[in-house]
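Down below are the structures I want you to see.
Common to both upcoming complexes is chain A, partnered first by chain B, then by chain C.
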Partner chain A sequence: MPITRNIIRINDLNSGFIDEFVESGRKIFGEDVLRSVELCIQCGCCTGSCPSGRRTAFRTRKIFRETSLGFKDSVLGSDDLWLCTTCYTCYERCPRGVKTTDIIRVLRNMAVREGYMADAHRMTASYVFKTGHGVPANEEVQKQRVELGLNRLPPTTHSFPEALRSVQEVLRLTGFDEIVGFNWETMELRGRI
Partner chain B sequence: MTNIGVYICHCGTNIAGVVDVEGLTQKVAKLKDVSLAKDYKYMCSEPGQDLIREDIKNRNLDRVVVAACSPRMHENTYKKVLASAGLNPFLLEIANIREQASWVHLDKEKTTDKALDLIKMAVAKVRMDEPLTSLSANVIQRVLVIGAGIAGIQTSLDIANIGFDVVLVEKEQSIGGRMSQLGKTFPTLDCSACILTPKMVEVSLNPRIKLFTYSEVEEISGFIGNFKAKIRKKSRGLDESLCTGCGLCQEKCPTKVPSEYDEKMGKRKAIYTLFPQAVPNIPVIDRASCLYITKGKCGVCKKVCPAGAIDYERTDEFIEEEIGAVVVATGFDPFDPVSKEEYGFGIYRNVITGLQLERLLHAAGPTKGEVVRPSDGAIPKRIAFVQCVGSRDEHANKYCSRVCCMYAIKNALLIKEHHPESEIFIYYIDIRAFGKGYEEFYKRAQENGIKFMRGRVAEIFEEQKSRNPVIRADDTLLGMVTENELDMVVLSVGMIPRSDSSKIQKMLGLAASPDGFFMEAHAKLRPVDTLVDGVFLAGTAQGPKDIPDTVAQAKGAASGALEVISHKTLQLSPLISEVDERLCRGCGDCKDVCEYGAIEIVTLDTHKVARINPAICKGCGACAVACCNGSIKLRNYTDSITFAMLDATLGGAV
Partner chain C sequence: MKEYATFLGCIIPNRYPGIEATSTSILKYFDIELLPINGASCCPAPGVFSCFHLESWLAIAARNIAIGEETGQDIVTMCNGCYGSLAEANHLLNGNKELKDKINEILSKVGCEFKGNSKIKHMIEVFSEDIGVKKIQESMKNTLDGIKVCTHYGCHFLKPSEIKKHGSSERPRFLDDIVRATGAESIDYKDKTMCCGFGGGVRAKDIDVTLDFTREKLKNIILAGGDCIVDQCASCHLEFDRGQAEIKKIYGEEFRLPVLYFTQLIGLGLGMEQKKLGLEFQNIPAQSLLDKINGGRK
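Moving on to the complex of A and B:
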C-alpha cells in the first residue's frame, strides 16, 4: 500500500484497478453489475446488515470504498475479503443497488489469481483434487448414511473412481492446479501450510 | 344602554377540556351590560356564526365578545359576521381563552377563573370601543422591479402579461444577471443562454415593460400603493438613441482590461458589451480605463462610430417614476475565497472558483468553452472540486448555499463529457441533492466515474515546478489522511448578499436575516412578502436558491405585487394612531420612535404639529406612549380603555 508519512497519496493509487476489476468479472456478471461499485454512497447499510461483521472485523463498506479508489493490494490482500458468507443480505438492502456480493465474488477471483488464497481454501481445494469432493465423506458421514438407509457412499467420485480422473482433468485444463498450487507428484499442496 | 353578547367556544375539547365552559357562561351572563352569554362547540363553524348573526338581529346586540382562540386565527371571521348582521365590525372583542388559558394551564378551576378574567377585560374594552370605518387610498397601478436577472425578468413578464405596467431597473448594462454568466444548468444540462435569452428578448419587446439598464434606484418614498422612485440612469458615454449596436467601437478600441463579467478569466475592451446577446445591445465606456477620458488621447471609438453616437461628456440622468408596489430582485454575489487562506486562492494560479469555471465552460466565454489551466493554458486532466468554500463555516458564512453541490456535479460531468479520460474528484462534507431530479443527477455523476471524497479539504499547497495544486484532506470514510496532486482545483463558493444590498435595505426599510439576505415576512407562510407593505422579494436577494426556486419565487412575487396594484383603491386599517392637533406641540418625539416612518412634522400657521400617514401607520402605539402631553391616541386602545380593562380584572369594578 502506498503509504508516505502515514498519508495516502491519491496519485499513487491504482486508478486503473476499477477497470481491471470490471474486465475481470465481465464474463460472469456483466459490466453494469460490477460498475455498480461506483454508485456506493458509503452509507454503511451493508456493514450494518452483515452477520459476519457482527462477529469479525469485516467491514463491507470499506471494501467498496477501497475498490473504487484503487487500493488494489489492500483489497485483494485483505483477509477480510474472505469473511463474507455470501448471504446476500447487504445485496438486497443496498439503497443504491450496488451488487455487493457479486462484487465481492469477483474480487475474490482476482485475489486468488494474484496469489492471495487463504490456506483453509487451498486445503479444501486439495480435497477436490484428491477425492473430487471439497468435503469428502469421511467415516463418520458414511456411518450416518447407513443409519439413514442410504448407500454407504454417494453416487459420485466416491462410488466411481474413474469419474475422479475426469474431474482431475478438468482441474488441470482450467489451470486450477496452478492457482491452488497442487503438486500432482505428491498429490499434496506445494509449500508448507 | 349597552347590549353586549358574549359567545364562549368549546373548541371541541381544546377549551372545554380544561375550562368549565358551562359554569363560565353562567357567570359571564351576570356581568354588567352583558345581555346574553352562550356557549357552543365550534363557534367558528357555520352554525356558530349563524348563532351570533341571529342574536345581533333578534336580540338587538350592539357589541360582541367572542371567547375562543387567538384573534390571529378568527378575528376576521367574526368581524365579517358582525358586518353581515349590520353591526360595525370594530365593535368586536376576542377573549383568547385558548392560547392564553386552556392550552397553557392544567388546573380546571384556576383556568376557568383566568378565562373569566380575560372575558371581563374584553367586556370592559368592547363597552368603550368606537365604531370605525376603513380608510381607502388610491393605488398607482404599476410595479417597480429592481434587478433584471432571471427573477426580475420573470416577475416583470408575469405582471406585464397579465396587463399591468412594469418599471424594470437593472444596474448592469445588460439584463440577464448571474444566470447569463452560467454555461449550462443542472440537472437537465440545458444551455443557460438558450433558455434565458428568449425571455430577455421578450422583456425588451414587451410594450408594458419600461426598461432602465445601467441604472440604479437611488431613493424610494411613499407607501403601499403610492411609492415614488428616483432612478439614476448612468452615462454610457454615448447617445443610446443613435447607437445601432454594430460593435465597431469594441473591435477597434485598443485598451484591454480584465473582464469582471468573465470573472477575470478573460479580457474586455474599454468600450464593451457584456456578451453578444446583451439586451440592450449597446456598449458602455468604462471611464476608469478609457484612454480618451483618462489621458485625453485615443478617441478611436468616436472616429469609427458610423452613427456618431459616442459622447464622452454625457452625464447621468435622473428620472422619477410612480409605482404602487416594489419587487426587490437584486440577486447575489459569489463568496470571495481569498479570505479562506488555507486554499491559496489568488496565490496558486490553478485554484479557481466555480463561477470562473462557469465562464470557461461557457460557449461564448473567454476560452469558447474549453477548460484550461490559468498557469499554462494546458488542458487539465486531474481536477478536484472543493465543496462548502466559505459555506457551513463559522468563520465565513454559517449557511448552506444550496446550489454548490449540484453545480460542482454538473461541471464535473461536463468536463468528463469533453475529456472522458480526465480524473475528477469532488471533496464534500455532505452531498445535498434535494431538488427534483438532483439525486438522480448525483448518481449519474457516480456512473460516469466521478470520485466523491468525503472530508472537508484541510489545505491546498502547490508543487512549485509544475504549479500543480495538492489537496490535503482526511478521507473520513477510509479514516486516512490523503494527499492528491491535481492539475486544477475548483473552489465551490457559495452565495452572499450583494455588496450594495445594505443600501437597498435602508432605502426600502427592509429587514435582513442573520445571514445578511433580505428577510421575508414569515419564513413559511409569507416567503415573498416583506414587513414593508407593498414590497416583495424574488430570487437570491432573499437567500441562496437555484434557478427553479428563483423562478417560482419570482412568480410568487408577481402575484403578491398584482394583489396590491390590481385594485384601483386600497382598504387601510382604521386601527391607527391619531393626533389631536390642538394639543400637539410638534416636538417630534413620536417621529423618532416610529419604526415605519409614518409620522411627519408639519408647520401650521402658528405652530408645528405631527401628522400621521394612515397608509403607513401600523397601529403599534409607540408614538402614543412617547407623546409627552397625551395628544396622540391609538384608536380603541386609549389609556382610559386600558385602565377600564385593568379595573375589570384587578379592581372588580365591573
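Moving on to the complex of A and C:
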C-alpha cells in the first residue's frame, strides 16, 4: 500500500465537527459534558475496560480522537459506533473525567440524523409508536399472566388506549416519527425493511 | 402500610410476568403495597432510545414520571433499564430549568406535568433498605443452605455512580447480602460486574456480539461452580434466560443455568408455591435447583 494513503491532510478534516457535536447535545447534558471529549489523552483506559472491544473492533478512544479532530464521516458512518452496550465501565474509570457514554449517545443521535439508523433499530422504535412498549405483549405471556393471577394485560398503554394516544402525540411533537420514518396512516415504517 | 407507585416497563409484564407476580406478593407479605401507574409506557430503554433521539427519550421518560407522581408516592422500578431511564431523566430535568420547561411544554399538550417531586427507586432498594436483610433472614422458611449463587448486578442501577449514588460500581455488595440472607451462598466469579451484553441497541442490531458477552459470563459462572444466576434487572434476566436458548440454537452449546430474579430466590426461601414464581415459563428449567432445595427442606 502506498504510504500516501495513510497521510491525513488537514483539508480532509471537518474542523467544525466538534462544535456541531457540542451543539447537538448541549441542551440535554450541558456544554461541559460534551467538551470533556477534548480532555482525552488517549491513555486507552476506556478501550481496555470495554467488554465490547474485547470481542470486536470497537475502539472507544479512537472514536473520541476522531471526534476531536473532525473525522465526521468516519465517526458517524462507522458501524462500530453501535457496538457500545452503554455499560458505563469506561465512564466510571476514565482518569480524565471524559463523559464517555454521554458522548457516544450524542454521536449516535447525530448518526441517526445523518441517516445511519439501522433497520433493526427502526423496528424497535416502531413497536413504541404502535403499542407504547418497546417489547409488547404476546398471546403466550398473556396466558401466563392469568395463570399467575395477574390481569391478562398490564395496566400500561396496553390497557389504556388514551394513554397510548398521549405517547404517540409526544413522539409526534418531538419529531421522532420523522427521524425514524414512521407513517401514521399505515402505522408502519416508511420504505422497505 | 408503605405504598409505592410501580413502574412495570416492558420486559417484566410482557415477557417475565413471574417477576411481577412474585415481587408483588412478597411485598404484600412485608406490608408494602404496590400501586399501578395506569397508562405508563416503555421507560424508554436508556441505552437504546436515548441513542436514537435524546429529546424523545427524555419526553417519554418524563411523561412516565409525571403520571407516576400523580399517585403521590415514590416510584419503584423492577428493571435496571427502567431505573436508568427514569432516574437519569429525573436528574437531568431537576438540574436544568430550561430543559424542564421545554419538556413540560411538550407534556402540557397531553395534559401532563413533570414536577420532579417523587424519588425514583429500584426494587432492590425496597428490599435492602425498607425491609432490610435482617427481616428477610428471619422470615425464611426453607433453607437455601448449600445453594451456590452467582449474582449479576447489571449496569444501569449502579452507573454512572456520580448520578446514581449507590456506592462502588466495581465492588457492590447489596445483592450478595440479600442472597446470603436467604441462606444461600454467594460465590465470586471472574468478571462479575461485566455487562450481560443486552444494552445499547446491540442485541437488536448485532445479536452475535450480545450473545458472546452472555456466553463469556455463563462460562465464568459455570467455571466457578454456580448453581444459578441471581439478577436484579429484567433485561439481564431475559439476556441470560433467552440468551441460553439462543446460544444453544446458534452455537450448540448448552449451559442449563437457572436464572432467577432476586425476589424469585426470596420467594423460594419464603416457601412460596413454586408455580407462583413463574419459573416454569422461563426458557431454562430451574428443576435442578428446585431439587437441590427440596432435598434440603427444613
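Here, the second predicted complex is superposed on the first by the 181 of 193 C-alpha atoms of A that agree within 3 Å, B and C clash if a C-alpha of one lies under 4 Å from a C-alpha of the other, contacts with A are read in each partner's own complex, and residues count from 1 in each chain.
Methods note: contacts are C-beta pairs under 8 Å (C-beta built on N, C-alpha and C of every residue); 3 or more make two chains touch, one makes a residue touch a chain.
Since we're looking at a predicted model, the values are computed, not measured.
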For this session: Evaluate whether chain B and chain C can sit on chain A together after superposition, giving fit or clash.
Result: fit
Problem set entry | Touching partner for A:L189 - first (chain B), second (chain C), both, neither | neither
For this session: Considering only the touch criterion stated at the top, classify A:R35 as touching first (chain B), second (chain C), both, or neither.
Result: first
Seminar exercise, completed: Of the two partners chain B and chain C, more of chain A gets touched by chain C
Seminar exercise, completed: Here the angle between the directions from the C-alpha centre of chain A to those of chain B and chain C, rounded in steps of 10 degrees, is 100
For this session: Quick one: classify A:T174 as touching chain B (first), chain C (second), both or neither.
Result: second
Exercise. Of the partners chain B and chain C, which touch A:N11 in the superposed model: first, second, both, neither?
Worked result: first
For this session: Would you give the minimum C-alpha distance from chain B to chain C, in Å, for the three-chain superposition?
Result: 22
Exercise. Looking at chain A, which of its residues have contacts with both chain B and chain C?
Worked result: none
For this session: Enumerate the contact residues on chain C facing chain A in the complex.
Result: 8, 10-11, 13-15, 17-18, 20-21, 36-42, 44-56, 58-60, 63, 67, 92, 96, 98-99, 102, 106-107, 109-112, 155-156, 159-161, 169-170, 191, 193-195, 197-202, 204-206, 209-210, 212-213, 275-276, 278, 281
For this session: Quick one: which bits of chain A touch chain B in the complex? Just the residue numbers, please.
Result: 6-11, 15, 18, 35, 38-42, 61-62, 65-66, 68-69, 96
Problem set entry | Partner chain C, residues of chain A touching it in the complex | 25, 27-30, 51-52, 55-56, 82-89, 91-92, 101, 104-106, 108-109, 112, 117-118, 120-121, 123-125, 128, 132-138, 141, 144-145, 147-150, 154-160, 162-164, 166-167, 169-171, 173-176, 179-180
Problem set entry | Residue numbers on chain B that touch chain A, as the complex places them | 382, 423, 425, 431, 443, 446-447, 449, 451-452, 454, 472, 475, 477-478, 480-485
